[in-house]
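You will see two complexes here that share subunit A, one where it goes with subunit B and one where it goes with subunit C.
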Partner chain A sequence: MISRPRRPNQATRWVVSAVAAAFLALLTFWSARGIGFSFLELFGNLGKMSRLISESFPPAWNFWPRLIGPFIETVQIAVIGTLIGSLFALPLAILAARTVSPSKPVFWFHRNLMSVLRTMPDLFWAMLFASAVGFGPFAGSLALIVFTVAIVSKLTAESIESIDMNLTEAVKASGGNWFEMVRFSALPQFLPQYVSYVLYAFELNIRASTVLGLVGAGGIGMVLNTQRTTFQYDRVTMIVLFVFAMVLLIEQLSAAARRRLV
Partner chain B sequence: MDAAAQAEPAIRFRGATVVYPSGVKGLEELDLDIPRGDRLVIVGLSGAGKSTMLRAVNGLVKVTEGDVEVEGRSVRESQGGALRELRAKVGMIFQDYRLVRRLSVLQNVLIGRVAQVPTWRQMLGLWPRPDVEIAFEALERVGLVDRAYVKASQLSGGQQQRVGIARALAQKPSVILADEPVASLDPVTSHEVMDDLRGINEELGITTLINLHFLDLAKEYAVRIVGLRQGRLVFDGAGADVTEDDFSEIYGRHMTAEDVLEAQVAL
Partner chain C sequence: MTSIAIPRRRKVPVTLWLGLALLGILAWATAGLDIDGGRLAGLPKTLARLAGLFFPPDVEYGQQAVIPAILESIQIAWFGTLVGAVLSLPLGLMAAGNLFPRIARLIKPVLAMIRAVPEILLAIYFVPVVGLGAFAGTLAIGLHSIGTLGKLTADVVESMDARPVEAISASGGGALAVLRFAVLPQVLPEIVALWLFRFEINLRASAVLGVVGAGGIGGVLLNTLRYREFAKAGAVVVVTVVVVLVVDAISGTIRERLVRE
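Moving on to the complex of A and B:
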């Protein structure tokens, strides 16, 4: 008969758990001290909070017509960022896809370029371009172009790496060169995914361009910032509701389109 | 064409050896002349080197020793543009068809013209009229011209393989390599595809090399049969004269029902 195994030693597990818990508690305490985090303070300020909430409601309903123009600007920033960014992302993705890239050095260069672009957050690019071309929608769209290149190229490169490479052999066997191989065997396989990523990037860009407005890159975020700094909280609520409805609508439309694609 | 060029074989293997990076020998010191217009069937167990032998002809597999010549041109020494030029003269048909399923039948056949048309025209889809005409003629040859604008994914297996044949024909090749062209097809369709290949060889005079593992099909369709075993040439004879003993010799065992196509129909 096979003997039953002995129960493993529980003591070491207890020690490990206790040390881990103590470490996390210390880490939390250290961070809270560092930034002055305190629940007491939050509760102490409940009075201020309730004043803020009462000032925020009811929303300034009649303010919405003044939001349409800025929101269209937000959409325009997102459109420029998405379309121009996606145009650059396509060749970058092809060159940064291990299986399709024409050579190892070309692959490594573009793979690293992609990583660098992705490391920087969109707000960083917005600040950078705002310093270069001045605050406004132009800087915002430049930031979103970079953001789109980063995200669409990364996702597309991964799709390209998962295509059926046997097909590329058929083009090669017919005497095709690298461009013809990409055009006739790689591209038809990953194109639907690419278009889907472009739509996804557009959804992200609508949200991002709202936030970019807060740092002065144009669009509805800029209106939001103006109303907030002048304490018009009922208008702020209206803006938030408006943005919420619009973003939701655009996301639903885009998601429906993406479902049809893949 | 002068007499010397006529006498030159379509394909010449000269001590062709292929050793894969894993150390596996795909082909060992193969010496073989294949005259123009020949219809050669290569038989052997899987792993015997049939695919390697075909792929050495268009350079999809590089010979590590020796050489292969296609119409007098060394495959080994052909690089870049010269290699693409050589491949353009050699059509290839694959077991799994290798069609781009999302593209139309016509677009798939036009891939056979890539080496003849400027790259920029292809990128924009601006195929010259004469090339489109060649593609249509190839589709007429395999009886699928009515499906030209249908997506390749909507065709049956046998039809897809015939599109594969049309793609190879659109190259206007002097050699066709067919790598297990009927291994994924049922017996009736297998015969249709093999009839197409025989017709192309006989009527157009294109030198044709076909890998098969069904021995009855090999005997029926080959002018000449060569047998490979562990990368070595172990048989070379006329298709009409080959006997069951010869096959046993190539396979290193007696024939079974799985080695013939018709026995499977009976099952």
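Moving on to the complex of A and C:
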């Protein structure tokens, strides 16, 4: 009987798997304890849940006219964040793309800048800007500008790294400098993708801008926060449904635009 | 001397119109903000002054209050992702049009609706039910993750190689055998990579949930800024940036290995 040769590293593979599994189990156990997970709490609160549901439904339908103004402000915040943020994102992406960036140090600096920008959630930026410039939509716009720079530059840099480098070689070979290389070879190749990322960022920004008001950074979230803290959940539900419908509508429009583009 | 007429490019007017339209939209949007030239001009100075107040960060406060809070955010993100992953796997498989054409048409819109509600809005509803704290945040993260992970799982399954499925079916395998021997071996590494990626996103999401009282570091930042204790807020910012960078790096390395193998 011929025995099949065992793969030599199988034993180590088992050990690695066992250690990884133990680590994940411990992480899960630690998390469950930390958050106070209990089925008792989940299902023992059915009474509170039914009370919340009866307070939340039916929604306060007559509240919606007061939401139009704040929602327009929300859209305005998202528009500013998207347009101005995308403008800053373009040079950052070019400098942070390994293949196109003019030099190694420039690449590393901008790549790391991009990573640090991406670590902070949108509402953190909103809180920081609100304490810098005061409550209101101006703080929200600044927060979304930074948020957009972080997302669009990252996605665009990845697209730039996957463009056809033969064309950039051609521009260089015919005596073009770095700017001409970017302008006539790189830019035309990644521009459609960049525009589609801008639209994608707009969709994200519309969602984000609806909750900025929870920390005082303007838009419909400000109304939401007032109703939430005074426990008027029928109005909260009205706001959530309104936001839900508007976000879906805007996303459909943006998705249609993206499909035509790409 | 004769000159050769070069055909004019007709693209220029289109770009011009597009630019004007964008400028118009921008003007409309900025009109809604309460900004004037002075406020805009003073912005760099204001930000520089605030950044100066953040440093040096309050190290003692960082150790006592910020580290426990970010650990809680990690716990919320991890357990929430796990809940979302476990529940989204069967839903995602059922939402795959190539496996279950009929059921998929029912499940897909449900996932889309779950996805459309941001975590923080879900948390607003969970807080009154299970009380202030991390548990409410975990439920919000978990529920939202079902929507996002379910959709992505379905996408992965729909783009897999159909031939192993046919092979198992042709040799007499039932639905369970197809799932076990043709579908899961193909899609599982990619799906686990998606879970890890979602964990990275959820860490950022759970970091802000404290704003509505659902646990984690967001509440700490909100309070330090409310009382204008900027050195403490600086500690929150530094700890958040470092922890998220480290978690991203670890998770990213594992993801790369998973997808490559």
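In the analysis below, the second predicted complex is superposed on the first by the 226 of 262 C-alpha atoms of A that agree within 3 Å, B and C clash if a C-alpha of one lies under 4 Å from a C-alpha of the other, contacts with A are read in each partner's own complex, and residues count from 1 in each chain.
Note that in this section a contact is a pair of C-beta atoms (placed from the backbone, for glycine too) under 8 Å apart; a residue touches a chain by one contact, two chains touch by 3 or more.
What you see is a predicted model; the values in this text were computed from it and never measured.
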Requested in this report: Identify the partner contact of A:141: answer first if only subunit B is touched, second if only subunit C is, both if each is, neither if none is.
Outcome: second
Requested in this report: Tell me which partner A:189 touches in the superposition: subunit B (first), subunit C (second), both or neither.
Outcome: first
Report task. Considering only touches as defined above, state whether A:259 meets subunit B (first), subunit C (second), both or neither. Result -> neither
**Report entry** Touched partner set for A:180, first subunit B, second subunit C, both or neither
**Finding:** first
Requested in this report: Answer with first, second, both or neither: which of subunit B and subunit C does A:171 touch in the superposed model?
Outcome: first
Requested in this report: In the three-chain superposition, say which chain, subunit B or subunit C, touches more residues of subunit A.
Outcome: C
Query raised in the report: When the two structures are overlaid on chain A, which partner does A:32 contact: first (subunit B), second (subunit C), both, or neither?
Result: second
**Report entry** Contact residues of subunit A, present in both the subunit B and the subunit C interface
**Finding:** none
Query raised in the report: Touching subunit B in the complex: which residues of subunit A?
Result: 166-167, 169-177, 179-180, 183-185, 188-189, 191
Query raised in the report: Given the complex with subunit A, which residues does subunit B contribute to the contact?
Result: 58, 60, 84-92, 94, 96, 98-100, 102-103, 107, 111-115, 119, 122-123, 167-168, 171
Query raised in the report: In the complex of these two chains, what residues of subunit C are touching subunit A?
Result: 22, 25-26, 28-35, 39, 43, 46-47, 50, 71-72, 74-76, 78-79, 82, 116-118, 120-121, 124-125, 128-131, 133-135, 137-139, 204-205, 207-208, 211-212, 215, 218, 221-222, 225, 228, 233, 237, 240-241, 244-245, 248
Query - List of subunit A residues in touch with subunit C within their complex - result: 27-28, 30-32, 34-38, 41-42, 45, 48-49, 52, 56, 72-73, 75-77, 79-80, 83-84, 115-116, 119-124, 127-128, 130-133, 136-138, 141-142, 207, 210-211, 214-215, 224, 228, 231, 233, 236, 240, 243-244, 247-248
